[in-house]
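Inspection log for the structure reproduced underneath, given as structure tokens.
Lettered A, B, C, D and E in written order, each chain numbered from 1.
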Amino acid sequence: MAIPQEIPLLGWAWDDLIFLLLGGLMLAAALFVVIGRDIIRSGLAMIVAFAALAGIYVLAGAVIVAAAQVLIYIGAISVLILFAIMLTQTKAGPASLVFHRQAWVGFVTAAVLALLIIAAIINTQWPGREAERVAFSTIEVAQLLFGPLYVVSLQVIGVMLTAAVIGGVFLAKREDAHDPGDRAGSSLDRLTRPPAAASEPGGSRQ
Amino acid sequence: MSQSLEAYLVLSALLFGIGTFGFLARRNAIAMLMSIELMLNAVNLAVIAFGAFTPALAGHAALIALLVMAVAAAEATVGLAIVIAIYRNRRTPLVDEYASMRE
Amino acid sequence: MIVFDQATLLAFTPPVLVALLALVLVVVDIARPARDRALTLIGAVGIAAIMAITVVIGPFGLAEAQVGLIPQAGGYEAFGGVYVRDALTAFLDLLLLSIALLTILFGPDYLRPRGLPTAEFAAMLLFAICGAMLLGGARDLVLLFLALELLVLPGYLLAGYAKRDGLATEGAIKYFLLGSFSSAIFLFGLVLVFGFAGTTRIPEVAQSLLGVSELAALPAGLLMGIALLTTGAAFKIAAVPFHYWTPDAYQGSPTPVTGYLSVGPKVAAFALLLRLFVEALGGFKEDWTPFVMVLAVLTMSVGNLIALSQDNIKRLLAYSSIAHTGYILVGLAAFGAATVGSPAEQAGLEALLFYAFAYAFMNLGAFAVVGALQRRPGVTSQIATFAGLGRRAPLLGVLMFLFLLSLTGIPPFAGFWAKWYVIQAALQVGGWLNVLAVITVVNAMVSAFYYLRVAVYMYMRDPAEGAPPIEVGTATRIGLAISAAVTLFIWLPPLATTLIDITREAAAVLIAGS
Amino acid sequence: MENLPLLSIVIFLPLVGALAIAFIPRERLALIRGAALVTALATFVVSLFLLLGFDANVADFQMREEMEWIPAFGIEYKLGLDGMSLALVVLTTTLTWIAILASFGPIVDRVKEYMISFLVLEVGMIGVFLALDMFLFYIFWEIVLVPMYLIIGIWGGSNRIYATIKFVLYTLVGSLLMLVAILGLAFNYQAATGSWAGAFDYETLRAFGFDPTLQFFAFIGFFLTFAIKIPMFPFHTWLPDAHVEAPTAGSVILAGILLKLGGYGLIRFAVPLMPDAAQAWAPLIIVLSLIGIVYGAIVALVQPDLKKLVAYSSVSHMGFVTLGIFIFTEQGLLGALTVMIAHGLITGGLFLLVGVIYERTHDRTIAKMGGLAATMPVYAAVLGFFVMASLSLPGLANFVGEILVLVGAFEYWPPVAAVAGLAMMLSAAYLLWMFQRVIFGEVSDFLRGLGHHLRDMDRNEALTLAPLVVLTVAFGLFPGLLLNLFGVPVNDFLASVGAGTLAGRP
Amino acid sequence: MQLTVDQLLVVAMLALPLLGFVVTGLIGRRLYARAWIIAVPIIIVTWLIGMFIVYQALFAGAYGAEGLRFTLYEWIPAGDFSISFNFLVDNLTAVLLIVVTTVGMLVHVYSIGYMAHEPGRWRFFAYLNLFMFSMLLLVLAGNFLLLFAAWELVGLSSFLLIGYWYNRRTAALAAKKAFLVNRVGDFGFALGIFAVWTTVGTLNFVEMPGFGPGAFELLPGQLQAGAIDPWMMNGIALLLFMGAMGKSAQFPLHVWLPDAMEGPTPVSALIHAATMVNAGVYFVARSSNLFAHAPEAMVIVAAIGIFTAILAASIAFTQRDIKRVLAYSTLSQLGYMFAALGVGAFTAAIFHLLTHGFFKGLLFLGSGSVIHAVQGEQDMNRMGGLARRIPITHATMLIGSIAIAGIPPLAGFWSKDEILAEAFLLHFEWVWAIGVVVAVMTGFYMFRLMGKTFYGPSRVDPAVEPHVHESPWSMAGPLVILAVPSVLLGLAIGFPPLDGALHHWLEPVFHDALETLDIHHHEFQLFGLDGLLMLVGATAGALGVAGAVWLFGLLRVRSPQEQRVERLTERARPLYRASYNRWWFDELNDLIFVRIGSLFARALWWIDVRIVDGTVNGIAAVTQRTGTGIRQIQTGRVQNYALGIAAGLLVIAISYLFLAR
């Protein structure tokens, strides 16, 4: 069945409808992320927002980016965050304390900021743009990827991830209580040694 | 509408605003981290928008978005490691209770 | 496709070597665990070697004082201009490598008694320095951002390096959250500029914005972008009112890390400012200069005023480092306020670079002494721990006094020359910058109070009962010797003239590029 | 002899000594003290060589040393000697060894640091007097600050920390503004000539002739610095605190040399570089000087503490210096210079004497003293001598200086001399009041309680005071010894402000 | 530099006492009892030299009319302001030398005995030598500044000698007071000197060999040329006179002299009677050329002089301390001298200076002998009837008293009469009239002193009474020697009146000044106005003496009438109290200078600490407090920080968007 070019009654293009739906979904999910009382649900809502955004990417013609969005954000980052939420969840803190007292100031600030940005964007004649949106050519992307800029960039990303992993592991890993002899292990040991069960190294509060 | 650069950018700005609000309002470190992720996504959306409407930028935009995602991943790794470390010390993810150092 | 021409290879050699050195350290640690001494040695020697290589590569296109062995006017353009190794890059690389070297030397004395491994510390540090070095030569907005992230991410981790220490992790999370927030803001600004300029290559950005900059009214989107970039950059250099993270992160971090944080990211962030605001957005300097001036005044004044009532030495030095940021910003303001093409323009940048150089050595030195005092775990960073240092460890006391005097700006120490350069540049511009110069010296006067307060503790109070003797490790000694030598002898003609020539060359590169 | 860089030697010889002392183990007190004294004496001897090689009739700086330093900004290592700097250098070297000798008894703690501080201090002081490059001058100027900070702060009295920080901050306020002024002048020179060469060279700048507006502002920077250092009303309040808290030798140097740095700066730099501004500011400065002279003397009248009394008397005496400078007459300036030297000797002596009594009583309260003539006759005689010298008894050095200033002031405008002349009465009043309370009368109960601790001056103490007595008499009877040295600098000074024209003369 | 023998002697005259001072000061303590062994011989030699110089100047006329003028070396070479050590020995100097060296020498000798029991006498002799040096320098000085220097130095020696008994609080205070009051005068003196220099560019009195004309030669010219107006001339004169007022203790700067009696008596005799206090008179006389051109100033000089004369005399009436009576008498006589100077009778002033120097020296030394006899007692109420016990002292003092009372033919008569007569003749009738009253008073208080001290029943402390004895010859000798000039000097150099040797000596010195004042020499006419005036003067003195004798007795001729004294005192109670309390000048000074002055000084100190320094500390405190205030923004909470950053971003963004371009 052929889908009409335009949505009946409204006279909108389908794209527009999808854009609105996805955009609305994304914003709603995002809003839920920031105001939701239960942090786990917030995390899940974030996945929804990411997914909606992936849809928008598709709409914008950036299929590769959409794919990456699904893989990296939904597949990796969100999961990571959810794990962290699980790890740090205490006997659920009082719900009223999701926001701190100055939250409304934050709201006003953020709203003004958003309005400013929007105003700025609308009032700008962006140069070099086409009336029609263009499709992202995968080949072009691939060519660029092996061009000078992104070779360097990828290497930097590589180094960055290496650093993040090495450091992150060191920091997140649980260690035995104060024991200078603890240093006897190498980085690898420290990576692999099972976490000590009993004692918890309390922070030395000054 | 979906044919207009401004629409995408406005969407991006709104998302950025929501992220900002979340960052400013939430007490939970992980919630704040999530807010930052939202902001980064807003950025990505803007990048893609520019790419979608500027032929010269298209390829770059896609790659920039990918790189930003990678950065976001690294940032999340680091952030979560720190959150876990402090959680171990303080037993709470609520950052406004971390105020041993002030003034 | 990519051509790895000679220029590209030479240009990338130093940062790549630094990243490799970091990996080597990790690998060595895995192969031969817990050889902290060896790791320190490898790290230090490695950095020294890289510094030598950097010097050899140059380029220092100096007519009279040729430092680099392979002269190449205009620098080595890597990958067709993504990254450039010009005099500025070379200067920054050497400075950053010095910072890395000193930090690595100062690390073990503090870390080992606390059971913290050297390997990760050194690796993180070197990764960050690698990022900073890339930042210094970045000619592409994408690389600029990535390098910035490579700089800051290990920094967050280093701040929380003493992971069992509540304060360290608290500082780290504050640093991380706010840092990421500002990164996002910065990135958004970058994207807006990118969207407007239609390119990521800095010279091209400058080129494409050239016409815009002459418009009567600037496009709002671009202005918004610049506003976001200004905020992000101001955060990275810790300018007031974007400085909040500094005292907490500095206080919480392990002392050697604090030392590094107070200079490394700061120098790199100024490199970012130079590449971004001077090179890419130089055409808009009339627009951003007022902000720089206001930020400079706020930064130095607030930093100094709050420092007056600090009782924690690390916090005190944190606020003092904020104040120094303000002084450095005066140099940028001088560039911004000077008429295009006037010599004062270059003088401002020279002053900025010179100040950064002097500041790095004296501030690291000061933190090294703080760290040396804290060699025994449990020693707090209250100023009171300095009581009677002049008696307990005369040499250490003298060195600390030297660094403090230098930070105050007493001649003939490095800090004085730095202030002199900045004020000189400001006065060359005249107008509002005269006022700025006077505010600068008034601030310097205020700062004398709290620096001298530390000296009062060291020399005019008696040590606490049963204060244990202070031992200083060899590495720290070497590091102290280096920083003290630079602080003390910066005025010696060969050092001073070479330094001035190099900063001039570096500034000239920027002026030519903008 | 001819080719030796004598000026550099005299500047840096103390530094060499200080470095050497740094390597002596701190327990070997005698060796440290000996080394310090030998260094100071050696410097003194070298400064005497300067005296021998100097020709007062040459209308230029002598024994010059010039070396490029930072060519990028035209900064040079440039030294030179004229009569004024020569006199002050010799005064410095003399007082330094006296101060070091005077510290042998009182200073027993951290002797090593103390001696090093003193020798470094000497480096700074001599450097200030010899530098002919503005930058070099500024550096020496600030170097002086640091050791003095330590000397007051470490070896001072009970409230020493307040005093020393006040001293440093107060001095810094001015000197940093002076830095701005120096750089402003240098830059204007550079902007006008298009080259940095000579932008910090004193002689070049002196001949340059700056824009009056620039002068007006730059003068503020210079003047504040020097006015604080001298110190001039109302910038004098650091002085009583610093003096009261400083150890004896510190006070001697503080009063003897450090205050002179201010006067020297005004004569050498502030006025010749910015003559128009100096003319414009002169009336105000004269008024302030007069206030300082009278006010310092009146406040000195009611001081309960010996050192404070001498400190306020310094405010009064140094008022003569600023007055003498800013009336722009030959006599005024000669008088100002003579007062500077005389004040260095006499107030140095007075502080040494206060130190002598403090050593024995650990007190400086005038009310607790009395009748020292009976128990310490030699002390009483020497104190009497310096009291008389300080109240400008004819035949002693101070008289010549003050009379010359007054003559100059009278020439400027008689009422100025009349007001300044009040000091003749007031100084007699406070000094004799002090003398009568301390020396005359029955031995006070407080002193009697000290018993045999109250011995008369010992050999060391006499040795420190003897040269001051001799010089005070010599310069009083033969002031030509000094005045002839000053001829050339005075002419230069007057030429710079347009000789003979009296600024704002009513 | 080649000096002639005479010049060399002049220098030696200065150098010897200075040497004595230095040597005695340095080694005196080790000389013990023989502390005088250096000081006194040196002064004797000095005296001999002085006499030689006097002979050369006055009798041999070796120096001519303009005197011996020479320069030793340039003292202050300050550009145009060039002051030399130069000397002027003319007849005026020579006349002064007579009294200075002679009385000085005698006092030195006298002191050997008087101070014999003082443990610290070496100091005394050292100071005396210093004084001799300073005083000689004062009279020999050839320029204003050198004179000023000597002027201050005599002040110093006076300070030291008054405060000789330093452990006595009163002595210490008196010494300080003397110096301070003198400084007040010197303040004006110094300004006057500056004024002279500013007007004529030299401070030499007269033309010195190798130098241009001196001030006294230039000033009249300047005045005539209109370069300075008469007003200024008067100003200069008055400023210089201020110095003279201080040194010679003229009202209102007279307060120090009576207190100065706290010093040992020889000091009172030498410094505070015979020499130093005359310095003011000498100086005005020396500057006669200047004063002559300032007629209004001269009237003031005369007025102050004669007022001081009567004021001091009125106080001398009732004082009980023997030395104080003499001190006020000195004031009074100095007042005469200034009156003389003021009216233009310069020679008369110097004449009186000379005679007064001798007889007042005699009286003081005599009083010292009395005090010595009664073991240090100075209150005349505790003396009486001493005439027989200490006959030599009594006899000589009686001579002195007659001399000062102005009874012919003793020295005082001639000089005092000349002053009074000249005042009348030069149309200062009021000066003359007051002068005559003072003459009556002088006779009265002097014989009151004699009566209370020497006559009538003894009121001496019974414990001391047996030990009363005549002084040793070292003390009595000088008394006797001084009695000779007290009797004869007037006749020797002042007779015939207006035409004596002194008048001839001084004629060249004052010639120019008298020319200016249009005063011409006239012959003395015994049977004319001159004689009449002389008679009035003599009668006045005699009247006073008679009154005193009537009340207080004389020898065995008349015994004291105590009731009558009581009654008279009672009748004039207010006057008596005013006189006895010295018209409350000390109280007034105390109120103004000590109380109010110290209050003012304290107020200034308060301002210094609270306001001047308070501002400094206040700025520091405000800075610190601001810091502490701003510190509060650092709350330690990330959200606050984030909010701050966001707010900053907003401000920046808004500024960029709305303010840029």
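Convention: contacts are C-beta pairs under 8 Å (C-beta built on N, C-alpha and C of every residue); 3 or more make two chains touch, one makes a residue touch a chain.
Quick caveat: nothing in here was measured; it's all calculated off a predicted structure.
**Q** How short can a chain-to-chain path be from chain A to chain C, counted in steps between touching chains?
**A** Between chain A and chain C, the shortest chain-hopping route counts 1.
**Q** In this assembly, which chains make contact with chain A and also with chain E?
**A** B, C
**Q** Taking all protein C-alpha atoms shown, work out their mean, then name the chain whose own C-alpha mean is nearest to it.
**A** D
**Q** By CA centroid distance, what chain is farthest from chain E?
**A** Looking at centroid distances, A is the chain farthest away.
**Q** Where the CA atoms of chain B average out and where those of chain E average out, how many Å apart are those spots?
**A** Here the centre of chain E sits 98 Å away from the centre of chain B.
**Q** Between chain C and chain D, what is the separation of their C-alpha centroids in Å?
**A** Here chain C and chain D have centroids separated by 42 Å.
**Q** Please work out the Cα centroid separation of chain B and chain D, and write it as a whole number of Å.
**A** Roughly 65 Å separates the two chain centres.
**Q** Between chain C and chain E, what is the gap in Å from one C-alpha centre to the other?
**A** Computed from C-alpha means, the inter-chain centre distance equals 78 Å.
**Q** Residues touching two or more other chains, restricted to chain E: which are they?
**A** Touching at least two other chains: 620, 631, 634, 636-640, 642-643, 646-647, 649, 653, 657.
**Q** What residues in chain C touch two or more of the other chains?
**A** Each of 142, 146, 149, 153, 157, 160, 163-167, 169, 173-174, 177, 181, 185, 195, 198, 200, 220, 223-224, 247-248, 306, 449 in chain C touches at least two other chains.
**Q** Which residues of chain B are in contact with two or more other chains?
**A** Correct list: 16, 19-20, 23-25, 27, 29, 32-33, 49-50, 54, 56-57, 60, 63, 67, 71, 74-75, 78, 81-83, 85, 88-90, 95-96, 98, 100-103.
**Q** Every touching chain pair, please?
**A** A-B, A-C, A-E, B-C, B-E, C-D, C-E, D-E
**Q** In the complex of these two chains, what residues of chain C are touching chain D?
**A** It comes out as residues 390-391, 394, 405, 409-412, 416, 419-420, 423-424, 427-428, 434, 437-438, 441-442, 444-445, 448-449, 452-453, 455-456, 459-460, 491, 493, 496-497, 500-501, 504.
**Q** Going by the contact rule at the top, pick out the chain E residues touching chain B in the complex.
**A** 631-632, 634-639, 642-643, 646
**Q** Would you pull the chain C residues touching chain B in the complex into a rising list?
**A** Result: residues 142, 145-146, 149, 153, 156-157, 160, 163-167, 169-174, 176-177, 180-181, 183-185, 187-188, 191-192, 194-195, 198-200, 247-248, 251-252, 306, 315 of chain C touch chain B.
**Q** Which of the residues in chain A come into contact with chain E in the complex?
**A** Within the complex, chain A contacts chain E at residues 100, 102, 105-106, 109-110, 112-113, 116, 119-120.
**Q** Quick check on the complex: what are the chain A residues that touch chain B?
**A** 12-13, 15-16, 18-20, 23, 26-27, 30-31, 33-35, 39, 42-43, 46, 49-50, 53, 56-57, 59-62, 64-65, 68-69, 72-73, 76-77, 80-81, 83-85, 87-90, 93, 97-100, 103, 105-107, 109-111, 113-115, 117-118, 121-122, 126, 128-137, 140-141, 143-145, 150, 153, 157, 160-161, 163-165, 167-169, 171-172, 174, 200-203, 205-206
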